[in-house]
Structures are given as C-alpha cells and as structure tokens.
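The structures come next, written out as structure tokens.
What follows is a pair of complexes built around chain A, which joins chain B in one and chain C in the other.
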Partner chain A sequence: MAEISYDPIDEQELFTAASLNDRFSAGGNALQTAINSLDTDALAPGTFSEVHLPSLVLFRGGLGQAAVANAYTFGNTPYPGTWATIDSNGEAGSGTALEQSLGATYNLASGQAQGVFVMADLYVGRIWRGTGSFTATDGVAFRIQAYNGSSWQNIGRTHRFVAAAIYSGAAASNDREIDVKVPIRTLIKASDVTGNTVSSIRVQISVVSAGASAATAVSLKACYLTALVLQSTVT
Partner chain B sequence: MADVTIPTIGAGVSNGTIVEQNLYRPTSTGTTSCEIINGHLDNANRDAAWTVDRSQIQRGSLSKGKTEGGTLSLDYFGDLFPSWNIAEDEGGGAAQLKMDELYQVIPGCSITFYVPFPVSFVALSWHLHASADQKDDVDDSGNGHPGNYTPARIRLFYDGVRVDRRLLDVPAKNFDDDNMIGSWDRAWLGHYLATGGGMVSEGWHTASLRIAVDPGYNATAGGTYKYPTISSQTHCRVRVRSMDYVLFH
Partner chain C sequence: MSWRFPKYPVKNTQVVDLEDMNENFYGFAEEIGGRLNEHNWSEGAISATTQIAKDAAFVWHQDGEAPTLNSSLAYPDTGDQLITARPTWTKIDDCSLTFTCPDCFLWIHGTVQLTQAGSTAIDGIPTAMGIVWNPAYFVLMQLGIQLDDYVIPETIVGGTELNNDRASGIKQPMFPAGTSLVIPVAAGRHTVTLVARAVGPTVDKGTPGTPATPAINEKSPWGFYASCRELICLEMRR
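Right after this comes the complex of A and B.
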C-alpha cells in the first residue's frame, strides 16, 4: 500500500462515524494505512540527508603511544615463537597496550557490520644488539590480532617484517636509528575469525635475530592503532 | 517515533472538532493525526517491502572524500630553513611555535576540504617517499655529525596546527661506508583521525605534511656553524606523495 486514494463522499452520502473512519483510520485506503506503509515511490530522489540517516560507521576508536619506553629483545620475544602486545612501557609491560576494544561484539557474518577496517602505524627506531655485533638480518616482526570473544586470532596477511639491513658490525651503525615506518591496513572479515565475531583488535611484536642472540633488541617510537566498524547491511 | 494512529470516531460523536483533529492535531511526535506528515515521518512509516536506495540519499550526506597527489620530485635544502633546529622543534611552547612557522607545506601532500556539516570524524591518510643527504662534515669542528642526526623532519599539520608525534625523521644516506644505515629512502604511509570540536566543524579545513631541513649541525658544544658562512650541507628530496581525506557523518 502506498499512495493515498481518497474515496470521495458521494452526493447525499451520510456524514457518519463509519464513513469518516473508513477514510481516516479503518478502510483499506485510509490515510492512516497509507501513511504507515509509505512506498518507495513516495520519496523523491535525494530525499534523505545526514539529518535523516545514521552514520555508516558503527564504531570508531583508536589510540596512540609516545615512544615506547623499553626495547623488546629476542631474549623475551623471540621470533617466531613468542609475540607480545605492544605496550607503552615496552618489554617491561604494565603500561597501555596497543589494543582497541570495539565496544561490543560484532558478528561479521550476520550483523550490521561485516567488516572492521584496521589501520596501524608503527615506527621502528633502532635495531641493535646489546652485546656483540649484529647482522643485517636482525629485525622485527609485527602482526594484528582480533579477539573473537574467547581467543585471539592471528590475521596472517598483516605480518610485517623489517630488517636492520645495516653494514654489519660497525659500532657506529649499532647506535643508529633506522627510523622506518611500518604501516598495516586490513579489513577484517568473518572468514578471518573463528565464530565470525570480533570485539577487540591489537598489535603484536616479535624480535628477529639471525643468530638467535638474546641481546638483539628493537626500540619503537610513536605507534598508533585505529579501528572502524563499518555498516555493511541494511536492516 | 512510531506509526500514526488516528483515533477512531465513535458512533454519534462525529463533529467538526473531532474531524478537524484527525486531520491536524499537532503533538511532539505527530502520531495522532495526519499532521505526522509535517516532518514527523520516519523509518516506522516505511513499508517493510523496500529499503532505502542510494538514489534516495543526497550525495555527500554520508561520506565525502578527495585525494591530492604529486610525482614531481621536490628538493628542499637547509638554506631554506635558516634557523630551524631539532632542539627547539622538540622544545615545546614558544620555541616549538617558532619552529612550526618554518615548516613548508609539501605540494601534493596537502589538502583543503570543505566540511558541509559537523561530522563524526575526518580520516586522513597519506603516503610519501623521501630521501635525505648531507656531507659528513657538517660543522666547523671537523667532526662528523652525531649519531641519530636528523637532516630532515616531516610533520603533519591540521588546520595549520602541528599534530603531536605524527612525524617522520628522514635519516641521511650513504655518508659513511661503515655506517650505511639509511642507504635506502624512507616511505611513510600514515593516518590520522580528526575528531571533535573545531576539527570537524562546518567549514573549510586543511591538512598538510610539512617539511623542515636542518641547515647545519647545531653543535651542542658551541662554536660557529658552517651555515650560514657557507651553503647548507643538507638536502631532502620528496618524491611521489599523496594525501586524502574521508569524512563520515
């Protein structure tokens, strides 16, 4: 039912409660019925604007960290076996984790949101060895994880690696900052997480050492993480 | 709000007032008369058989965006930044403001955009490729530059104001065989969400990456600098770059 088809009151037709109700609220062509089931043709093109419609972004959140206080070492977070969530207090922990709650649990298969867009900007300061000469392939790895309500899920395609790639062994090099930005952009979808649900995002780090030296260390500068939950379906 | 419910007229009580009120009886929600069509219609009045189509939404009312970019290499020399230095750049307060004025907007990595109504946020994203170089001996002492010397720094500015900690330090390239760190260029793909207050208010806004190049090593031990006695030894080349914004209602 869409348009209003008002039934004219005929000549000499009685002006009664029944005849009025038929036109106002009771009849098949009543005003009430038409107003409560507006058809798509009742809308002119471009009818809706920002004052009528909700945002396409169901949730947005982000956080940043200043230069991370303590370096990460191969001794505590050796790649590939051990990863740590980036913490504002570095390897010592107990600071602010680079982890963003989405404020709710979203089912990416059946809910309004079918994707979480994640942007992480990581900034590597130095890669060095506390003792001895390091090699050019000493480095650092990053990855993004999503929490599905019961466990953290790796997002494999978000793995990033940075190698020191420094002329080996020179003392001067050992003290140099390499100042490399590591960006990660990804859209997390239902197929990325067991159970299709997601409620938090975080960034993890692991230290790579070519010779498995526990003294291999990595320092981070300012790092940022942003998550946008995008409306993808109409309900 | 909800569907309109026009009161049923009882037998024997129809009169001008009741009929009139069925047609027009203003309330806060408008749900008791045909007056609901005066701006009170909402999703509840939509027939469930259809959903809102793109053609029914005004362009730019949900999101809006644009990208700027450039590929021509841009060379910046320290001479263009005669009093810029790292110490004051990180000094805060008046010193920082003084340094901010010395940064130069990088064409192709800056954007001006109009926000048509207060929005939830503006998402900025950019990428930039840059390299820096310098002579090894950059001060009058004859010494090489110190460890972690930063010949060039690139920062994000929003509405002309520095955004803290959104920066890229561009190391020097190939200045020492034993110190080949930085023998490659630097790429920066970054993002920033402007939220709240004047940053997302209606009107024109700007976002830009700006660069400063150290004119010479500002020796902490004192002494005169090579610059301005002779030309600056530092140089930064900005290569391909772009910046885009997307705003969301």
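Right after this comes the complex of A and C.
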C-alpha cells in the first residue's frame, strides 16, 4: 500500500489551488495515489456487500426432465462400449438432452472461475428383460461429461451404477421396480479437460447386461442437472 | 470511518487559517489506514469481477478417485477401496481435505459408488474377487461426513446411530450414495473426510453342512467397496 501521509501546509508556503492539488491529486505522495492503492488492511471487515460488488456467481443454470418417456436398452447402449446422452424421449431421441450450456467458455486455469460445480440427480425406475431372466449385474451406468470446445471429456470419478438387485439367479425374475435416486456431484477442474476450457456439461447413460441380452432395459423416472460457476479458486 | 465532518469548516467571511486547514485533513489521512467501511464506497463501486481477487468469496477444495473400470460390475476395480465389515468408521481414501480458512460457512458434498463384495459362486464363499453377489453376505452400509474427527449425525446415509435408533444401513448390491452439509466453522485448520462403515449383523449364521450354505466359519462377509468417489467443500467466505 502506498504511504498515506498528509504533508501539512507550512506558514511560509503558498496556499493556492496548486499547493492543495499537490497534496491530494498530484505527485507521488498525493492522497489520491495512496487511496487508489489501498490494501486489504485499509478496509474494515465486511466492507463490501452485494451493492458494491458485481455478482460473483458467474453462471447458474439447470434443467429437469419430469419423466423420460422411453427406456434405454442394452441393444442400443451396451455397457461399457456405448453411451448415450440422456434424452427426455429416451433412446428414441429427438427430445431434450440432459445437457446444460454454461453460457460461455470458461478457462479453468486462467479465468476468474477455476471450477464448475455440477449436480445431477437421476431417478431410476424399472430394470427388466423383455425375454429371459436377470443376471445379478443387469443394471444401468451413468457418467458426466464436459465439453471443452472441441470434444466431450469423461469425468471418470462420476461413474455410478445401479444393479437390478436380483439375487441368487432368480430365474423367474425379469422385471423389477428399482426406484433409486443416483446423486452425482462433481467439481470440474482444469486438469479434467484438455485445454483447461469448458462450455457445457451433460449426463450419459449405458445399460449393463452380464449376459449381453439386448432385451435388458432401464427406465428413468426423472432427471435433473444443475451447474454452478463461481468466481473462485480450487485447492 | 463512516462520515467525518471537518473540525474547522471554511466559510465565506472567514480568513483561512493554515493550522485549521491542516487539522481538517489530518483526521481523514489517519483514518484511511484501516477504518474504511461500507459507507465510504458508492453503490456499484467495483464493476468488474476481474477487479476482485479470485478467492475473495469462494474457494473450492476437492479430492476424489476414478478407479479404472473393468467390464464386470461384480469385480472390484483397480482403485476400489474395501471397507471391511466392521461398525467403525473408515476413512474413504482420496476423499479427505485439510485446509485453513477464516470464519465462514462450508458447503460439503460427498458422493461415492458403494458396491458389495462378491462371492465365488451363487452360494459360495465371500471373496474380494467374486463373480456373483449373494445377499447372505451383504452388509448394511452407511456413509457420512466427518468434520475434525466428528461424524456429523445429520449426514449419515443409511440410518444414524444403530445402538440408539435401531436404524439399518443400506443393503443394496450397488448403491450410488451421496450426502451433503452446510456448517459454520471457526477460523483455523479443519479436516473434512468422507467415511463409511458396516452396521448390524455381519456374520450370517446359516445352516452348516448343507449344499446351499457354506460352513459358518466361511460366512463372514468381506464388506463393501468404495469405487468412483469425490469429496467437495466450498469455503464461503462472504
């Protein structure tokens, strides 16, 4: 911080506009120079409130799908090789994708925000097989991806799974109402995306069938996706 | 400093005295060093976020792990952590944050894929490399957030204190669990950790000697795995 000191006007000194300006708005020790270079110690705690500052919430947005109309099947989205972005019209597509634009491209290394906080809540309804019986690991997988401006990047730690929960090879079972909420929270950082940039996020789904049955299917009851970008650092 | 009026205001009919003028300005100069408050700044005084330090209001702390996924959900992945079948809270690896912060609120989120350990066969012995699940060996799972070595009861997923509440944990083969918390903390160093444990009976008595159930000494379950996981804490300084 520049030194804040008032140089008093001496008796022998001219008392003019110039002599006043020299103390307040001109010269290296002018008060104006010092005030323009305040450090944090010059301010009482809590000085700046929402009326003084621009919003530090750089972006917030989300979307929800009250009911995903159609199921996803192993035949079209077999785990682990094939994933589909969740669509309000299911695997038939042409509905609203569970994808949220951030409204701008954020550089998470050099920009004002170093992280994008993502919250996804996915409600799994039924898991069933059109023909045949379950294996224990029939189920569904989810993941979150981030778009860096040229490609979608997987966020590996967001993989989540729900199994059909049919035990002991229950041969008669081929349909189960699961009703499980899958909560995923992630903070996307510069190291998660090539080029450190991110402009959109989305949620993908894949269907698991241990017996590779194309008839294994999953329905979703509702899906929600929210993104929050704050002016922040990440440790 | 809020507002300060000059000690010796200059008036039209008055001869200006230099001592009085100096006295008028001393007070302002002295108070600029540390006493400026909200009254000394106009509305919208700072118009661009670039004029504000990035960590002025929000600081994220994050830890997590992304195990290498294999094609079979019943096998543990490289990087999965076995939580043994005991009622003691176990810290989940790579989900711990230690930081120093001012007086502030923390917004904490912990999410993790929990997966029961498998068995060698439908009715077989529990094993870490099982190929199927058997509910006889499933444990009741709980997940919670630990702040400075204290597990916050309100964050426990799957019931709270078993001895008091008789609440059970989660008994699902694969369960994506999540918990969150907003809590004020005092200035200083804090540690936030995601923890898990198994509660309730962890040994299935079964019927020894029958083909469908293994011997009693073979029936102790392994526990469960913590797979893909993440712990996030937002330090809200303002």
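Please note the rule applied: the second predicted complex is superposed on the first by the 203 of 235 C-alpha atoms of A that agree within 3 Å, B and C clash if a C-alpha of one lies under 4 Å from a C-alpha of the other, contacts with A are read in each partner's own complex, and residues count from 1 in each chain.
Note that a contact is a pair of C-beta atoms (placed from the backbone, for glycine too) under 8 Å apart; a residue touches a chain by one contact, two chains touch by 3 or more.
Keep in mind it's a predicted model, so treat the numbers as computed, not measured.
Visitor: With both complexes superposed on chain A, which partner does A:Leu43 reach: first (chain B), second (chain C), both or neither?
Guide: After superposing on A, A:Leu43 lies in contact with both chain B and chain C.
Visitor: Is A:Pro183 touching anything from chain B or chain C once the two structures are fitted on A? First, second, both or neither.
Guide: both
Visitor: Quick check for you: in the superposed arrangement, does A:Glu11 touch first (chain B), second (chain C), both or neither?
Guide: Second partner only, chain C.
Visitor: Taking the superposition on A as described, I'd like to know which of chain B and chain C A:Ser25 touches: first, second, both or neither.
Guide: Touch partner of A:Ser25: chain B, not chain C.
Visitor: Quick check on the superposed pair: does A:Thr137 touch chain B, chain C, both, or neither? Answer first, second, both or neither.
Guide: A:Thr137 sits against chain C, while chain B stays out of touch.
Visitor: Of the partners chain B and chain C, which touch A:Val208 in the superposed model: first, second, both, neither?
Guide: second
Visitor: Once the shared chain is lined up, is A:Thr158 touching chain B (first), chain C (second), both, or neither of them?
Guide: It touches chain C, and chain B stays clear.
Visitor: So, A:Leu58: does it touch chain B (first), chain C (second), both, or neither?
Guide: second
Visitor: Indicate the residue numbers of chain A shared between its chain B interface and its chain C interface, in ascending order.
Guide: 15, 31, 35, 38, 43, 46-49, 52-53, 56, 119, 165, 167, 180, 183, 185, 234
Visitor: Residue numbers of chain A touching chain B in their complex, please.
Guide: By the definition above, chain A touches chain B via 1-2, 15-18, 20-21, 24-26, 30-32, 35-40, 43, 45-50, 52-53, 55-57, 60, 62, 64, 66, 119, 121, 164-167, 170, 172-173, 175-181, 183, 185, 222, 224, 226, 228, 234.
Visitor: Could you list, by residue number, the parts of chain A that touch chain C in their complex?
Guide: Its residues touching chain C are 4-6, 8-11, 15, 23, 31, 34-35, 38, 41-44, 46-49, 51-54, 56, 58, 79-80, 112-115, 117, 119, 136-137, 139, 142, 155-163, 165, 167-169, 180, 182-187, 189, 208, 210, 230-235.
Visitor: Quick one: which bits of chain C touch chain A in the complex? Just the residue numbers, please.
Guide: By the definition above, chain C touches chain A via 16, 18, 21-22, 25-26, 28-29, 32-38, 40-50, 52, 54-62, 64-66, 69, 71-74, 99, 109-111, 113, 115, 122-123, 132-135, 172-178, 180, 227-230, 232, 234.
Visitor: Along chain B, where are the residues that touch chain A in the complex?
Guide: Listed in rising order, the residues of chain B that touch chain A are 3-14, 19, 22, 34, 36-37, 41-42, 44-48, 50-53, 55-59, 61-63, 117, 120-121, 123, 125, 147-148, 165-171, 176-182, 184, 186-191, 193, 195, 248-249.
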